[in-house]
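Structures given as structure tokens follow.
Common to both upcoming complexes is chain A, partnered first by chain B, then by chain C.
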Partner chain A sequence: MAAVLALTAVGLSLVFGVMRVVNVAHGEFFMLGAVAAWFVTSWMPGPPWLGFVATLLLAPLAVAAVAALADRLVLKRLNYDPEATIVATIGLLYILQQAALSLYGPDARPVPAPFELRLQLPWFGYSGYKLFVVAAAGLVLLAVWLIMTRSRIGLVMRATQIDRPTAQAFGIDVDRVYAGVFAMGAGLAAIAAVLIVPIQQAHYLMGGDPLLLSFIVVIIGGLGSLRGTLVAALLIGLSDGVISVFYAPTLAKILATLFVALVLVFRPQGLFGAKA
Partner chain B sequence: MLRLDGIDAGYGNVQVLRGLSLEASPGEVLCVMGRNGAGKTTMLRAIMGQVKLTAGNITLDGARVDGLPPHRAPRQGIGYVPQGRRLFGPMTVAENLEIGLMTRGKGAATRERVLELFPRLRERLGQVSATLSGGEQQMLAIARALCLEPQVLLLDEPTEGLQPSMIALIRQTVTALKATGVATVLVEQRVEAVLSMADRVAFVENGAVAELVAAAGLAADAPQFRRYVGV
Partner chain C sequence: MKALALHLALIGALLAVQVVLPPYHYTNVARVMVLAVYAMGYNIAFGYTGLLSLGHALFFAAGMYATGLAVHSAPALLALPLGMLAGAAMALAVGLLALRTAGVAFMIVTLMFAQAGYLTILYYGPVTGGDEGFVLAREARMLAGLDLSADGPRYLTALAIFGVALLANLALVRSGFGRVMVAMRENEERSRMLGYDPFRTKLIALTLSGLYSGTAGAAYALMFGYVGASFAAIQYSILPLLWVLLGGAGTVLGPFFGALLMFYLIDLSSSVTDASNLVVGVALLVLVLFAPKGILGTIRERGARWLP
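Moving on to the complex of A and B:
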């Protein structure tokens, strides 16, 4: 699903763009979001929509808090060294996966959709919830874009991204920006997961696919480029969906991988990335 | 008053500053001269907390500013115009100024005062700063630092690579600051610029101040210029 993929990929791209950290554990934040969604909805009494609203608020916050903690305890101590953080986030991937396995168990569990609605269009039926997911993801992406381009927080993040020491020379507390960006990136993956989990069950190994697809999207779109990430997510998400439905999911992955290889060879900075 | 007292600093195992001491008083323009690699930029970065001291201390009005994280020096009122300008290139002129205003500036009033000093920037507020001419970029770097309402302004070779007309503009700015009681530390390699602005001149060699003299006593062909700067 292109919309959800875009959310996850934007989270990854933001973290790389501002912090120059390749977050291999990004898919696990997605998984944590789905697992948290299951916990919240199964504890919440009342109608499904109420549980869903609570989840949409609580799960991303909880995941963002885990991410901020990981930033403080691990990434900051490594001084955000690009190579060391790759190794560290691989470790984080296994820790989060095992933690989910022991707390949540090995089963895939469904989370009910907040509402059931089938739209009967002339040629095909379409689930109302899926349309809602697209709209919600679109809104969140719009909000991220507005925050990055129009708000003070976005200005601070961009300044940190462009020139860390100079940002510090103007009073910007770069450590706090990093913790915030890492939390925000994880929170976006968690929102994506909460949206997708009524369609796809929550499972402790579900982080692999979104991680891979996010990397593909981010490479094609250009690392750290918000606009590129969005366009690439749409491209990959839609073609993945169409090819999977009409041909085979494996073919879709092969084509995407081929496309990545072509981009890497002919335009290593990505379709929208600035030249390094 | 900004005071550096016997500071040692460097990068990894390489020591650059060796017991450097210096003071700049409010309303004073202190010029710093010395050969490439003498440690002038490192001294400014040490003041900004970007290079850690291994000995000595730095105080502003008696309060320690060394040993703090790098975002604290600007919050205490130290403005920095780095060598090579270091603008936020992809951002507009207005956004660069906005970053200067965030920490200490008094919003619109500060911005207005700064733009009055640099009317050229007002015409280009929406322009991406990387597309400005070299001189305009330098103006913006200075304006951005002034947006911080600094008590102390550090300028690192602001005329480097620019036409001599830039000297007049910087002199004008520095003179305006002097009247408001800002202490200016100006690293500068051009003799004519130094002679037209400085109250005192510090000659730096091997990471320490080798000689400190009143500018009034320096002629354009003073031996110090040849000895410490090589001109």
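Moving on to the complex of A and C:
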């Protein structure tokens, strides 16, 4: 699911790019989005598509609110010191995971897809929902790209990314930008989770894999470069399936992690990144 | 002098306290001492040299598996140093690559190497027992005539290893090399200008750290008779970080008190709630927010300047 991976990874990349914060709890925001999706759809009356639309709006907002709160309460007080924030987000990871386990339970629960549609092509059938996921993810990514490059908010974000003190001197409220970026990154992960949850089930430990994969994507694409992240997400999302056809999945994971470590050591700017 | 007396006093106290400890805590304190050796190793890299690694479980597991697999066919007296060396060699190999990066990249690279190590253990399931691990037979756990599956010898062995590690740690940080390590943490560029080689210093520090971690892993395997993949998982890279932060990064006694406190905090909280991860998470957050220097770091700041 390269499209969903791209969404999650762009969220992580955005947070790192603007804030220089490695958010280890990113996978947990993904998980929170899926869990929130389950809560909303199971409480929402009416046809599945109505619940799904509500989820798509509510879950990212809820997760973004949690993230903004975490930013205000924890990260801001640490002055966004890179090492301290990593430790803090590890703490956050444990707290969120445990909270999900206690409140939601250890079971994996399914969320109904908003519609059942199979596209019957002559040689194979294809789930219409999966195509919808790809289209929706593409739309969201396009929106993110437009916000970052064309709007005032994006301009402010990029200014903060390039030179924080100067941005501050020009009257930009850097604290609000950071809270917004952190919330937006988490919200993107939540959207990705809501989209994927009718295919996978919601589970309190589901944050691990997307976290690892997004890390891989963000590093290979070049830390903080959105375009590199996108290319890498497509590449890895597609190749992940191909590799695990030929090798055992564990071996594929071993090779992938070693590869990422070596990329960081020898090409810290990423395979597609520009000069460091 | 004062510092040496304090550390000897702690070892003496641990020797004396075994008379009064009930059996349950007797085993626990032995466990804490071994884990404290691990934490001390972490502290050499993180607390003194400023290398925040998220992959120390790899070194711990290297020691543990090297020893655990070797005792099948060799005496424990030979397997123990083998485990220690495995930890150091693993740290040296990782360091040669990972130390080309710094800061955030270093954390991610060590994390990735440790993750690869963990997956490798799972992959070679027939040899390593995979997820379930394996149990060491009682006969295999005889260290030079001491039966490590019995409470008394186990406690004394743990104390001996802990004592040697503690005094060696004290000697290390008071030596010239120890000061160069701190210099690397404080200002790498300036130490380079003064003619010290940052890469070499960090590599030696990381290897020593791996030696400590491997020792702890090897001792843990022999003393508690179990070797499992969970000791290589990310959790065991985070825990020493937590212990060191709690006790005080860059203090010799901090890792021990951090491990002791955290062990009993989780132990006590598990009778109230099963949310032990919550305790770990909250402890991490509270520490980075309100007490980044830890217990002994704060004491040192408030007057006891001589505390090493």
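Methods note: the second predicted complex is superposed on the first by the 257 of 276 C-alpha atoms of A that agree within 3 Å, B and C clash if a C-alpha of one lies under 4 Å from a C-alpha of the other, contacts with A are read in each partner's own complex, and residues count from 1 in each chain.
The criterion applied here is as follows: a residue touches a chain if its C-beta (ideal position, glycine included) is under 8 Å from a C-beta of that chain, and two chains touch if they have at least 3 such contacts.
This is a predicted model, so every value here is computed, not measured.
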Based on the superposed arrangement, let me know which partner A:F29 touches: chain B (first), chain C (second), both, or neither? neither
Considering only the touch criterion stated at the top, classify A:I172 as touching first (chain B), second (chain C), both, or neither. first
For A:A159 in the superposed arrangement: first (chain B), second (chain C), both or neither? first
Of the two partner chains, chain B (first) and chain C (second), which one does A:I86 touch, if any: first, second, both, or neither? second
Check whether chain B or chain C contacts more residues of chain A in the superposed model. C
Hey, which residues of chain C end up touching chain A in the complex? 52, 54, 97-98, 100-101, 103-105, 107-109, 112-113, 115-116, 119-120, 122-123, 238, 241, 245, 275, 277-278, 280-285, 287-289, 292
In their shared complex, chain B is touched by residues of chain A numbered 152, 155-156, 158-159, 162-163, 165-175
Given the complex, residues on chain B that touch chain A span 48-50, 69-71, 73-75, 80, 82, 86, 88-91, 95, 98-100, 102-104, 144, 148
Which positions of chain A touch chain C when the two form their complex? 20, 22, 74, 77-78, 82-84, 86-88, 90-99, 101-102, 212, 215, 219, 248, 250-251, 253-254, 257-258, 260-262, 264-266, 268
